[in-house]
Amino acid sequence: MVACIDGHDLPQGVMWRRVAEYTGGKWVRRANGTYDQNVFSYYTSVSCNHCQNPVCVKVCPTTAMHKDEQGIVSVDPDKCVGCRYCEWNCPYSAPQYNKQSGRMTKCDFCKDRLAAGLKPLCVEACPMRAIHFGEYEDLKKQFGDAVHVAPLPEQSVTSPCLVITPPHNAQPVGSNMGSIRNPEEM
Amino acid sequence: MLGGHLDEYGTYSTAQISAAIPYLYGINAGNTINDMANSKLIVMFGCNILETRQSGGGLSYELFEARKKGNARIIMVDPRYSDSMAKLGDEWVPIRPGSDGALIAAIAYVLMNEGLVDQQFVDTHCLGFDEEHMPEGVPAGNSYRAYIMGEGPDKTVKTPQWAETITGYPAEKIIRLAREIGSTKPCCVIQGWGPQRHANGDTISRSIAMLAILTGNVGIAGGGSGSAESVSQIGFPRMPEGTNPVKTRISFYTWVNAIDDYTQVTAKKMGLRNKEKLDHGIKFLWNSSGNALINQHSDINGTRKILEDESKCECIVVVENRMTASAKFADILLPSVTPLEQDDIIQQGYQVDQSSLLIARKAIEPLFETRSQYDICAALSEKIGKLLGQSDLATKYTEGRSQLDWVKHLYAQARAKKPELPESFDEASKIGLFKWFPMPQKVAFKAFRDDPAANPLKTPSGKIEIFSKRLWDLNQAWELPEGDAIYAIPVHEKTWEGPCDYEGMKKHPFQLIGHHYKGRAHSSYANIPWLEQVAPQQLWMNEADAAQRGIRHDDMVKVFNDRGAVVVRVKVTPRIMPGVLSLPQGAWYTPDKNGVDQGGCINTLTKTHMTPLAKGNPQHTNLVDVVKI
Amino acid sequence: MEYLQEFPLVFFTLLVQMAVGMVLVGKCVLGNEADRALREGVRRQNVAALLLFAVAVIISFVHLGTPLHAPFTLLHVTQSWLSREIFMIGLMGLALLWLVLVGRKKHAVDGEKKAMIVAGLCGIALLFVMSCVYNQSTMPGWSNWSVFTAFLASMCLLGGSWHGVVLSLRKEGAPVRALGPCLVWTVLGLVLMAVSLPLAMPEQSAFVNPVSRLLPPACIAWSHGLHALASGLGVVLLALAAARGMQGKGFRPALTVPAFLLIVLGEVFGRLVFYLSYSRLGM
């Protein structure tokens, strides 16, 4: 998150990448004061999934939100009117409103860096090397085509170009075993 | 150069483990993280590598890779479900802070009862396990076995039932855990620096190592000493610090005592080394790039009273580039450059699988009147030289080199170690970062394990001293406050404000720890709004505890005890044990006009009570209460 | 979605819906009357409707981040319901303008009636398109037809009760024949609201991102109840007023004005709760 904020000079409140902490489980106290628990927790890091069926592009009234030949979904600031309708619709919170410019902004795949042969900022910054990028088909070959997990929505909604390797304690989409516990960080 | 200075020993990071483990093994060492690829089972005590070793080093990634290679099962013992647990843990064993000694004593009981102790290893490599292997001059009943089996002075058998009330972890789970540890080899037992930062850290650190000893996992690949991990380093030369003719050392933690009442800082009372007592107190403090003065040292309200008394410490100089809490206590505040405004040569941080060298050239010239530490000292040496009539003092200090010259000089010395580095410094500057990998896997005490007679440890007996006669003697020789003691064997040590302080809990029912937060490095970068946005300062509180007090997630709460009060937002979560709170350390102390800290700094609540052996910081041992505001 | 975003849209949607309602109810109030004074009164209300509509459009402009780009919002009518809504706003504006211009020709009575019907139907179409903006599957809080019926309810309640006030303030008194349409439209609004409310109850889907919710579901349920109460009371008062009027005791502003205020209060509150019942799928 921070590499992206730093690299793109994002003002406070605009986060092109967001990490959700999905946590659940309960504590049960025994009579003798000891405890049993089944707590689980994992993180999901999402920027924009440059979906194949992007709802933001469909609903944008001005065509500012568009998908280019590379498949990257981005906002044309010369057209965007700042109505925030895309923000209402996106099930990943990708479009982020910039109060200072009065326009929507979002992850644009660091396309300027890609053009210069560099990697996106988040890919380079992740200390666990957890973020990879590339053509969707290649990523599926490399990492498998696992079904998405909570708190992500079902893939059928917007067909996101996002391949995930589920954590060992993952919960299925729509699970009510846990919930997002760090809303203030997103 | 000016005749020497009072030196120190120990650090806020590792005081207890650094002091205590050498009584066990002669030195403090562990296997390297990459050795975990050889483990079948890894048991981590308060070891949160994925949050505390993310940046710079890469230990987090190395641990991840080692686990992928070896596919070990990982059990994490921690009152908090850390991010390491989230990513790598297969099982979470939550125990009350400071109760690790009890858990391990009970595990030892099960191992002994069920024949899971590596008896052969313990007999040949250790001293003090049972009555038959004790040193001279110690009364009967003081062996480790006697302690566990209730045949010692306390007449208490360390059963899982005894341990479960102390730890909060059910007895049958302790038994299951013991059986797993005892029957899986190689088993790597490892601890972070959290468990030892307790009032009973001197014994906790050794207790955790006992697991590795009892199961015979010391000195083998995939095993470990039970202490913290070691790292592999090439070890490039650093700037020379000269030779200090003064050999007297105080414990790092007692600098405040040396200001407040130096007559108390004696060898017997406060672990003064190489001298019986101090001749005078500290009258002048020079604090460079450190925030221990006020923020990172215990009991801020108590400490600031001492610092504010100008009859005690007469002058405080702080060298800083941010207005930290410590900077606010300066009589003279010298503005320092940031890393971007100076040339430097930096060798690796905490890494295992690779070693690195960084030529960090300045990005911009120093702004305003800021100067680097080196330039400040060089200028001072010239002025002091004039005052003392030593005209060559400055040249002696700088050796005729500017800071950049020193970087070039150290680079040349580094090249001597690694000739493959470019000859031209300018070329090296352009490349900037050099890496060497992989580094060798290290197994601590392997030679000793393979042949203890030929390769004795640096302990008096040459063996692992489960019972340490030196500690036994120290406990008699030193003057310790009421309730403190030094234990010759790793016991469950009961302390003030620990998990057994039921009296204290009547007034302040919660144990408070201060975990090290991924959002900053101690107190550095705590003031960055971007970081605060994605990693805000929050008090971790269990859901059930919060519900009982009508506290909801993201509410403002006041957490307090007799030493101070802190106002902070709360994170209500199942990821911390009931009865336990955690206030991540390093937040900036920001008192309002009533003295209530609005910044969320844990040291507003911690106690200045040095640990018996290491004379160090017990900053995770606190009792508090919390209310919604 | 943030709390502050809602306020301009609350008034934008209500004012648009009220304007449509004023025209429709006005047409019915007018009926086939040749009463010149009544015609004049309805004509004035058509101008008022145009003015309220203009204020609504200004408000919607102002709530945009970059208002100067507003013309571009017509570029995506092929796919975007929001773009279609802007288009329909434009159409409605033209229809109202035409209506007012026709009204200035003193003898174009039939033309004026036709223009009112056209504007009214255009308005209903506009409300339908407006509701489609909210009725999207990624926003479960709004993803049902209660949005449309709620908009229609607003249209009926606000238009009907406004005309009630206007009629009750006439120096000449209110023609009894006109009271019927007034009341009928308002009651129709209440019926539409009753139909909306069960559908508008907050969904409990596990797929919803709880972070996206602005208000707890229990709050939403209670708030809808309060809204219904206020509107119901308003309609009761209006009915009382109409009953008295039909009995020849006079159609009093003492009853119609509070009725209108209660309905407005209910509508503003209800629309606010509508926006606060926003929720979204996923993360």
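In this document, chain identifiers A, B and C correspond to the written order of the chains, with residue numbering beginning at 1 in each.
In this section, a residue touches a chain if its C-beta (ideal position, glycine included) is under 8 Å from a C-beta of that chain, and two chains touch if they have at least 3 such contacts.
It should be emphasised that the depicted structure is a prediction, and the values quoted were computed from it without experimental measurement.
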item: Chain pair showing more contacts of the two, A-B and A-C; value: A-C
item: Most central chain, Cα average position; value: A
item: Averaged-CA centre spacing for the pair subunit C and subunit B, given as whole angstrom; value: 67
item: Distance from subunit C to subunit A - Cα centre to Cα centre, in angstrom; value: 38
item: For subunit A, residues contacting two or more additional chains; value: 183
item: Touching residues on subunit C, where the partner in the complex is subunit A; value: 1, 5, 64-67, 69-70, 72-76, 79-83, 86, 133, 136-139, 205-207, 209-211, 278, 280-283
item: Interfacial residue positions of subunit A with respect to subunit C in the complex; value: 18, 20, 44, 46, 55, 58-64, 78-85, 87-93, 97, 99, 101-104, 151-154, 157-158, 173-176, 179-180, 183, 186
item: Residues of subunit A that touch subunit B when the two form their complex; value: 1-2, 5-6, 12-13, 15, 19, 23-27, 29-30, 32-37, 39, 41-43, 127-129, 167-169, 181-185
item: In the complex, subunit B residues that touch subunit A; value: 50, 54-55, 58, 60-61, 64, 81, 83, 85-87, 90, 92, 94, 164-165, 167-171, 529-531, 533-536, 542-544, 553-554, 569, 571, 573-575, 577-578
